[in-house]
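First chain A sits with chain B, and in the next complex the same chain sits with chain C.
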Partner chain A sequence: MRVPESIFRKIKRLPGVLWALVALIVFFGISGKGFFTAYNLINICKQGSILVIVSMGTTLAILTAGIDLSTGSVLTLSGVTVGLLIHSGSPISVAILAGLGVGALCGLINGYLIAHLKFHHFIATFGMMGIAQGIALAVTQGAVVPGFDAAFRKLGDGTIFGLPVPVVVALLVVVATSIALYRTRWGAHVYAVGGSEQVAAWSGINTRRVKLAVYVLSGLFAAIAGVVLTARMNSASPIAGAGYEFDAIAAVIIGGTPFEGGRGGIVGTVIGAAVISTLKNGLNIIGLPTPWQITIIGFMITVAIVLDVLYQMRKDRVAS
Partner chain B sequence: MLKDRGEPILQLRGITKSFPGVRALDGVDFDLREGEVHVLLGENGAGKSTLMKVLAGVYLPDSGEILLHGKPVSIRNPRDAERLGISIIHQEFNLLPWRSVAANIFLGREPVKGGVAALVDFEFMRRESEKILHTLGLGIDPDTLVKDLGVAQKQMVEVAKALAIDSRILIMDEPTATLTSREIDHLFRKIRELTSRGVSIVYISHRLDEISRIGHRVTVLRDGKYVGTVPVQEATVDRVVPMMVGRKIEQLYQRTCRKPGEEALSVKGLTRKGRFYDCSLTVRCGEIVGLAGLVGAGRTELARAIFGVDPYDSGEIRVFGSLMTQRSPSHSVQVGMGLLPEDRKGEGLALMLPLKDNVVQASLRRLFPTGLVSPRVESSVAAGYVEELRIATPTVMKIAKFLSGGTQQKVVLAKWLCSHCRVLLFDEPTRGIDVGAKAEIYRLMDEEARKGAAILMISSELPELLGMADRILVMHEGRIVKEFSRDEATQEAIIRYAMGKGDDSSASA
Partner chain C sequence: MGDMKKYVFVLVLVALVAVLITGCGTSKPAEEKPKEKEFEVVLILKNLVNPVWLDMKRGGEAAAEKYGVKLTVLAPLKADNNEEQIRAIEDSIAKKVDAIVLVPSDSKGIIPGIEKANEAGIPVINVNTKAHGGKTETFIAVENYDAAKKVAEAMAQKLNGQGKVIILEGVPGAQSAMDLQAGTLDGLKAYPGIEVVASQTAKFQRAEAMKVMEDLLQRYPHIDAVLAANDEMALGAIEAIDAAGKTGKILVSGLDANKDAVSAIAEGKMTISCDKRSYEQGYVGVESAVKLLKGEKLPERIVIDTVLVDKSNVSEYLNK
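For the complex of A and B:
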């Protein structure tokens, strides 16, 4: 009784962006030649997986009323780390762990600056965005690290139970985040910190630890995305992650988690990421160049925010 | 009623706490017995809330000790207070609007199921919340989001939160400030139930009429100092008010000129649906008009609409006879109207800017018509006001954030004087300001009125209204329900109208 009811309520609370996704799929299904092929749909899922993984961390940061601008650069740096280590002869597992470690470390630095040294989240992660990007360019001397053996490439184009590995990894990240956010104390505290840091602190919540963990996870997720992307592309480019922070933030906002923090969640973000991936893919198919794709995504962010504000205003008016 | 309720369970000894520029608490003593409601009384800024925040672990005292059951304890953070069974219900609600009632009740101590993952036991939270809400006689669904609750319900959620951790000591900071009389009756019933179960309550208030209904003992603070404790039977107005205000009451308020001139501000039938309805008022030059009412009566909203910050649906505003056609603060300033907002730090001052920039902020067009700004002129203009208003600052370059509350208020006033505003809207002009600085603000208000300013003063402090205003308007639920002349007005009458019980045909929204 309880469970279906609460699921129904959750569906009711889903952002209207779900309908935007349906509309996009229908639109491209009709107008885009080759959109509705199995190959293309799987491709969207693979592309979307990377974005979903990154945007889980971004959701956490925005839920605490913070932000992580460094995810794209951290993704790049982790991918480059893995690529270079594999080429220098490290075992794949060691290389991957090192890549993830680099991402988590970047997140730890962000988190420490924000939670303990009271840096503004924008400043701390903006700085990290430059630092990680710069290091990635420096260690590769600006060149792409190409070509890996089949074992590593499996992470990008292999399948598990018929599902592409990137999709499986994204699912695992989403499930893990969902449990952490909706089923643990820590998750409740993420919402509390975003809702009101003072209320959280006065309720005895260790707000610093909550924020530190949020940024470590955001860095770690970016790194996971970096590893998967490197395998998928069969190369580690020092600009591979550029723009991912923009898409991830867009996915969160379009998915109904506002910048004020304290409300929203990852279901909306997954849909938001799906909208962006579908949009990019579809626009490619109908031949709209990348600059216009970016413009349209930017436009969608604005529309999403306007709709959210209007929706809240209407709800408040009904309530009063 | 038991006169002596046994040994004190909680004792505070010589608590001292200073903030930059203010000694908020100065060697305060306080004790609490089991099952009693101990009223903490004092004017705004007397130190009541600060003392309780020390007890709740929000502030660390500079010196003094806290004894619980006779043993010294240290309360370094809210968690310590919670562990010792002390809960505080803040004036501003300490709730997360976008989370459920259950999540708020268990915030910071969510119960976990056993097992490896230690997942939150939502079922338990819901059940327990329901149980606690039920004992409080509340039929709220624990899944409701707090933002969808009414004020009184939010308050009871705060109480539920305290009960959920089995608090033995409950601090309530002006719990009735925003409640209706029926909600107050309900709250008082709940308080009696709690005390009969041995819960001790510190009840902060400055409403004298409530005390005899609910309290056992009354302790009075004044200017951060302990004045005395009396049993509630002896806590008559005649006894307690002098303790609260000291002997300075006559000198505190200075009001000299009483010859109103031409009509400066005229508001007719101003309405903003849901906030205020059909409000009409006039303020003449040289006049101070008070605007009384409970929190939430719509006074601030009215002032903001007059100033042009908020919109209104119908009605008209005239300043010196000319109709205000543009609704914007910038237009208001041009015609000579200034607002000294309730939230001084958020809306009145640019906190990170030097004093001089704040003073000239509304006068840049007047002072520098060419568009080129001269810091030298700014400084000399600001220095003039520093001298005129006796603003306590070493230099005009002092950053506004580091000035004391009273000095900040003077800077906001200087800003409007500098822009040659003759219609001044004061919203709670002395909130959070110590008594000495208050007297200064009153002196300045009087002086400006004498020089011909028209002043509309919103205040929740009745003595201040009675002391300063030539006429007092009372708002209740968005309507101006009564006007008193200076001679007619009494505290009791104002309170009666403010609570909507002025006469039989009182307005109800």
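For the complex of A and C:
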């Protein structure tokens, strides 16, 4: 009965983060010149889509009470792979598939270390963070891979039915993740493993396979983000993804999935990512100095965690 | 759950009030209407952790103050992050600023951002690091060639036109390193009594320069001067010279007038450095934006004069 309960809780928790997002939009709409315009709202969606894609995988990892610290570096490595392959004359489709393959492979290694060799998820993905970053720097010799042709750039700049391509890709990833999480047994198992891996194992769930898949997906999503970012920037930088892992973790936490795992979900994460992207955009527009921007984003994360603790305490009181 | 909503709302309001207060500190209250149209300029820097960019920010702010324009200074939260610089451009377009003064972290990666500003009809002033694409109104920089030539000539004069010198070069293949090397060689050309016994790269790095210099001192124990293409390498050379017990017997020059170099000059360990005047670069950047907006035509390139720093004027720099 764990899963329906979690979904129920998630829906109940939704309004909190949503309120924060609405309040931000109202606030910036009033105080930020040019914030509440069609151009800028599309702009925020475009800017936020890469974070949404990455944070879907991070949500899965945190739902199992794990974490993936390597997403930023894997994003970079996949972007660089695509960039270098295109420049060496590979067809775009082959280059993209290779980029995605590299991401999934990094995820597979993470997953194998964590699920089968029982490495701590922090150690395994922290190691991968360094390795992927290092390889990206080594294969590019530290230089940016610049300039692609129009066909590839469409992935970052083009539109489908009036929607920017990065937004469409993000939507597809979100829909795919929500189907996997809420419409399949595997999704129920993800929540179960996060709730208690021991209990999940006792009830016959193959926890290893669940965790392996979680990290493969996390790597794959990071790679998708890397391809889109490379197209959007029209260049693959060997440091492009640095720090994305932390933004993704922040989106998950603000969105109401706690580090203990087992509860929360991707709808909250999408709103969490929207909060972060709206904050960054709005603070740029009102021209708040950089150090204060960092402070405010940190403050939002703290507020989210405090609220979660308060909510849990209140729920425990009601239950007892 | 009703309580929760209130909690969230109150906390978000507190956060927003905090934003509002800090935001007001940097921008003028709305009531205070300017008599004529107030230009809005944004200055986008590489980061706000390196003193070079902080000086540039102060210069830009001074020009904004003088010309009565509203200046917003933006920098990536993650230092030198190209994507965040592009986001800053996009956000500034949404805000409909009148001009963008831009110091790109990545000469090629920034191009999609400049193209977006071009499409939106917002002029871009390029400062310090050249953008390799898109349309910019002018490029404001110091001429590395001239700076290196000036230093080389001054060193030759300190040596009375006689002696054996070693040159430490920058990263092989980098444009700045090539310009600096050409300037140094041309500066020494007028002094036939000066012999360049060795010219090697130390990649602009202090530790590398120390190693290179240790080796060179073995081969050429009786040299009179070292001309390094930046201060970091000069400081590395000084370490090696110190270790060999030759401090004061070998003159050392660098470029940039960074803090350690200024101290070394004051202590008599280093002979000459060259101030590339970041403050002025920022000042002229914003000033040029104002001129352009008032209808003046800008030259394609604006060169900022550099200033030599030696024992005679080092005291001005010590207190900076």
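General observations
Everything that follows uses one rule, which is that the second predicted complex is superposed on the first by the 303 of 320 C-alpha atoms of A that agree within 3 Å, B and C clash if a C-alpha of one lies under 4 Å from a C-alpha of the other, contacts with A are read in each partner's own complex, and residues count from 1 in each chain.
To be clear about the criterion, a contact is a pair of C-beta atoms (placed from the backbone, for glycine too) under 8 Å apart; a residue touches a chain by one contact, two chains touch by 3 or more.
On a predicted model such as this, the values are computed, not experimentally measured, just so you know.
Superimposing the complexes on chain A yields a three-chain arrangement in which chain B and chain C fit side by side. Of the two partner chains placed by the overlay, neither chain B nor chain C lies in contact with A:Ser90.
By the touch criterion stated above, A:Ala240 is placed in contact with chain C alone, chain B being left untouched.
The partner that reaches more residues of chain A, of the two candidates chain B and chain C, is C.
When the two complexes are overlaid on their common chain A, residue A:Ser203 makes contact with chain B while staying clear of chain C.
By the touch criterion stated above, A:Ile179 is placed in contact with chain B alone, chain C being left untouched. Looking at the shared chain after the overlay, A:Gly195 reaches chain B, while chain C stays out of its contact range. Here the smallest spacing between CA atoms of chain B and those of chain C, following superposition, is 16 Å. Shared contact residues of chain A, touching chain B in one structure and chain C in the other, are absent.
Touching chain A in their complex are the following residues of chain C: 1, 3-5, 7-9, 11-13, 15-16, 18-20, 22-23, 26-27, 42, 48, 72-78, 80-83, 86-88, 90-96, 106, 108-109, 111-112, 132. On chain A, the positions that touch chain B within their shared complex are 2, 179, 183-185, 187-189, 191-192, 195-196, 198-205, 262-263, 319-320. Chain A meets chain C in the complex at residues 12, 15-16, 19-20, 23-24, 27, 31-35, 37, 39-40, 43, 46-47, 144, 146-147, 156-157, 229, 232-235, 237, 239-240, 242-243, 280-281, 283-294, 296-297, 299-300, 303, 306-307, 310-311, 314.
For chain B in complex with chain A, the residues that touch the partner chain are 56, 58, 77-79, 82, 90, 94-99, 103, 107-110, 112, 117-120, 123, 148, 274.
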